[in-house]
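Note that chain A is present in both complexes that follow, paired respectively with chain B and with chain C.
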Partner chain A sequence: MNLQDIVDQLDLNPYTQGKPLNTIEPSGGYTSDLLSCVMAGAKQGNIWITLQAHVNIVAVAALLDLSAVVITEGAQPDTATIERALEQNITLLGTNQPSYLVAGKLWEMGLKSG
Partner chain B sequence: MRNYRAELHVHTVLSPCAEVEMIPPLIVTNAIEKGIEIIAITDHNSSANILSVQKAAIGTNLTIIPGMELTTHEEVHLLCLFGTMKPLTHLQSLVDKQMQKLKNRPDFFGEQFIVDETGNYISSDERLLLGTVNITLANAVAFVHELGGLAIPAHIDRKANGLIANLGFIPDDLCLDALEISKNKTVEKMTNEYPQIRNYPLLKGGDAHILDNILGLNHFYINEPNYQEIGLAFQNKNNRKHQIID
Partner chain C sequence: MDTITDQQAQGITRVEELAYELKVSQAMSTNVKTVTPDMQMNDVLELLRNEHISGAPVIENGELTGVVSIEDLIRSMCICDTSAPIRDFMSRKLIFVHSYDPLVKAIEEFTRTKVGRLPVVNEEGKLVGIITKGDVTRGVLIALQKDVQVEEIRRYRASHLFEDIISDRTTLVLRYQIKANDFIHGGTASSNIKRALVRLGANQQLARRCGIAIYESEMNLIIHTLYGGTIRVEIEPNHIIIEASDEGPGIIDIAKAMQPGFTTAPEEVRELGFGAGMGLNNIMRCVDHLNLESSPGRGTKLEMKIFLTPNESLRQPNSQE
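Here is the complex of A and B:
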C-alpha cells in the first residue's frame, strides 16, 4: 500500500508532497500529539497521525524520516509549516476526520505494524 | 523606587533554535541600547551560558537573572527564574537526570553552543535540549518554589508548548507566579480570549531567539533591579508594581 492509495481511500488533502505519493510505502503507523513521544516512539517510514499542525512537526518528521504526517481534525498548517515541509521534502496530508478514525481506517487497509 | 524595563525571556546560542548572534556581549549591548535594565537568560533545559552573560554584563547597569525554560512532561514550557545560580544548579541536576535521552541533530534543530563571556566557543551540548524532562508541570512548579524561584508558564497562547494548548486550561491548584503572553498579543485581547487569566499577573515575553526580539515590554516599579523585587511586583506588594507595555 502506498501513500496514493491511502490519500484516495481516506480522502486526504495533500498540503505538500515530499516525493510522488505512489512511490512511498509507509512502514507502519504511529499516533500521538506529544512530539516528545513521537521522537521516542515512531519508527522510520511510519505514517504519523496527529492534530498538531505547527512547524515543529516538520522537524520531527524529517528527523525520523517518516513517510508522511496526517494532520487530523481539520487543523491547518500555517505558511511557515508548509514552507518548511517543502524545503525538507516532507509529505503533509490533511483531513477533517479525528485521529481515531484515521488510525482505524489505516488498520482496516492493512497497515497494522506500529 | 522607579520603573525598570525588563525582558525575562532571552535565549543564547545554547538553545538550538536561537541565532548565532545570541552571544553574551551582543545580548548585553543590545539590551542596554534599548534601555532595558533587567534580563533573564532562559535557555531550553540548560543554564550553562548564564555565568558568561553575567560576566559580559559586569561593569554595566544591566542585571542578569539566572533562569531556564524547562520543558515539562506535558511539553509545557515553564520559565523558572532564580535569585542566584545556586538553586538553579539543583534544578539543572534534576533536568540532567530526567531529560529525554535524545541526541541533538544540529542540521534539524540547530547548534547548541556553550560560550564564554566574549562569545567564544567552549563546547557543544550533544543532548537534544528540546527534549522533555520527566517531571509534571505541577511538580516542576513545586520544585521551583521549594528552591525559592519563580515559575511562569511561557507563551501560554502558543499552539506549540503553550500551557493552554497542551493542558486545555490553567489548573487552578497550580501556584503560578505569573503567566507569560507572547509579544504580539495585547493584555486586552488575551483576557478576552482566555478569561481565566484575569486571576494572574501577566508578563510579556520577547522569547528572544534573535537580538531584535529582546523587547523589554515590561515595566517593574521596584526598589532594586533584582529577582526578589520582581516577585513582589507581581504580587503588588509593598508598593511594587508591574505593568506590561502593550
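Here is the complex of A and C:
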C-alpha cells in the first residue's frame, strides 16, 4: 500500500509531497500530538497522524525519516510550515476527520504495524 | 512486498522517480540506421547483421512510416522472398515516443505493445533517435550514478576526515547557537548534525539516536532558557559527546526534572505539543551516559556521551592506527 492509495481512500488533501506519492510505502503508523512521544515512539517510514500543524512537525518528520504526516481535524499548516516541508522533502497531508478515524481507516486498509 | 527491505524500497523509489524525471532524449540512441520502403528485405538482413541491431525505422520522403524488425525478416525468409521490397513486410503501425516524453512513457509503450524498440520523433514529427529497453536501463543507471556522485563525494570527503588528518587524536567539534523561544527554527540544529554524522559515515541508527538526543536538548534550550544556549557536539571516531549549555534560569530540582511526565513548560507551549515532560527520558534512551548539572540563577549544562561500537566507528576499518 502506497501513499497514493491512502490519499485516495481517505480522501486526504496533500499540502506538500516529498516524492511521488505512489512510490512511498509507509512502514506503519503512529499517532500522538506530543512531539516527545513521537520522537520516542514513531519508527522510520511511519505515517504520523496528528492535529499539530505548526512548523516543528517538519523537523520531527525529518529527524525520524517519517513517510508522511497526516494533519487531522482540519488544522491548517501555515506557509512557514509548508515551505519548510517543501525544503526538507516532507509529505504533509490534511483532512477534516479526527485522528481516531484516520488511524482506524489505515488499520482497515491493512497498515497494522506500529 | 513484505520481503522488500527498506533499502531496496528506497532504491526502487529513486529509479521510479527517475523514470518520471528523465526525458526520452536523455536515454535514446541518436545513431539511427534507417531504411526506405523500396529497399529489399535482403538489405535489412545485411543491416541487422552488420550493425548488430534487431530492427530499423522505415523512412519515406523524410517521414517515419513504419518499422522493420527481425520478425519481419524471418517471415520473408520463411517464404523465400527476401528480394521483396521492405514495404511488403514492414509494420505500418506507428508506435513511437516523443523525445520530450518522460522515460516512463517509453516503458509504458514497451509493456503495452511488446515491441522491443521505439522510434523517437521530435516536435515536428521528424525521427531523431531510437530507444530500446536496454537504453532505458542504461539511462537510468547513468542518472542514478550522477545522482549519488555529488552526495557520495561529500560523504567520501567527510568519511575520510579521521584518516586524512594525522594526529594522535583528532576531534571534530560542531557548535550551534540556539535562541530562546525560536520555535520556527526548532529542530534545525539537530537536522544539520544528523546530516553531518551520516556524511561522516554514521549508520542510520546511530544518526537517529544522536538526532533524537540533540533535538530534545535543542527544544529544551528553546522552551526553557532565558537567553537560549549552545549545543556543542564533539565527534571522535569512537565516541560522540554532546553538550547543551545555557545561562539560566537553572533547574531547581534535578531529580524531579528527570521524572517522566514532569514539566514546567507554560500552557501555550504545551498546546504546541511540547513540554510532555519526556525530553530527558528520551535523551536517556538514546545516549550511553548522561550528566546534568544545574544551579538556579546560574544555568544548566547537560552532557551526553554516546560510545560507538566497532561496527559504528567513524574510522575506516582498514586504516592504520
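Rule of thumb we're sticking to: the second predicted complex is superposed on the first by the 114 of 114 C-alpha atoms of A that agree within 3 Å, B and C clash if a C-alpha of one lies under 4 Å from a C-alpha of the other, contacts with A are read in each partner's own complex, and residues count from 1 in each chain.
Everything that follows uses one rule, which is that a contact is a pair of C-beta atoms (placed from the backbone, for glycine too) under 8 Å apart; a residue touches a chain by one contact, two chains touch by 3 or more.
Just so it is clear, the model here is predicted, and its values are computed rather than measured.
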{"item": "First (chain B), second (chain C), both or neither touched by A:36", "value": "both"}
{"item": "Which superposed partner A:44 touches (first chain B, second chain C, both, neither)", "value": "second"}
{"item": "Greater residue coverage of chain A in the superposed arrangement, chain B or chain C", "value": "C"}
{"item": "Which of chain B and chain C A:23 touches, first, second, both or neither", "value": "second"}
{"item": "Touching partner for A:14 - first (chain B), second (chain C), both, neither", "value": "neither"}
{"item": "Touching partner for A:98 - first (chain B), second (chain C), both, neither", "value": "neither"}
{"item": "Touching partner for A:80 - first (chain B), second (chain C), both, neither", "value": "second"}
{"item": "Shared contact residues on chain A - chain B and chain C", "value": "34-36, 39-40, 52, 54-56, 59, 62-63"}
{"item": "List of chain A residues in touch with chain B within their complex", "value": "34-36, 39-40, 52-56, 59, 62-63"}
{"item": "Residues on chain C engaged by chain A in the complex (per definition of touch)", "value": "1, 6, 9, 12-13, 16-17, 20, 183-184, 186-188, 190-191, 194, 204, 208, 211-212, 215-216, 219, 272-274, 276-279, 281-282, 285"}
{"item": "In the complex, chain B residues that touch chain A", "value": "71, 74-75, 100, 102, 105, 108-109, 131-132, 159-160"}
{"item": "Chain A - residues contacting chain C, complex", "value": "19-20, 23-25, 27, 33-37, 39-40, 44-45, 50, 52, 54-56, 58-60, 62-65, 80, 88"}
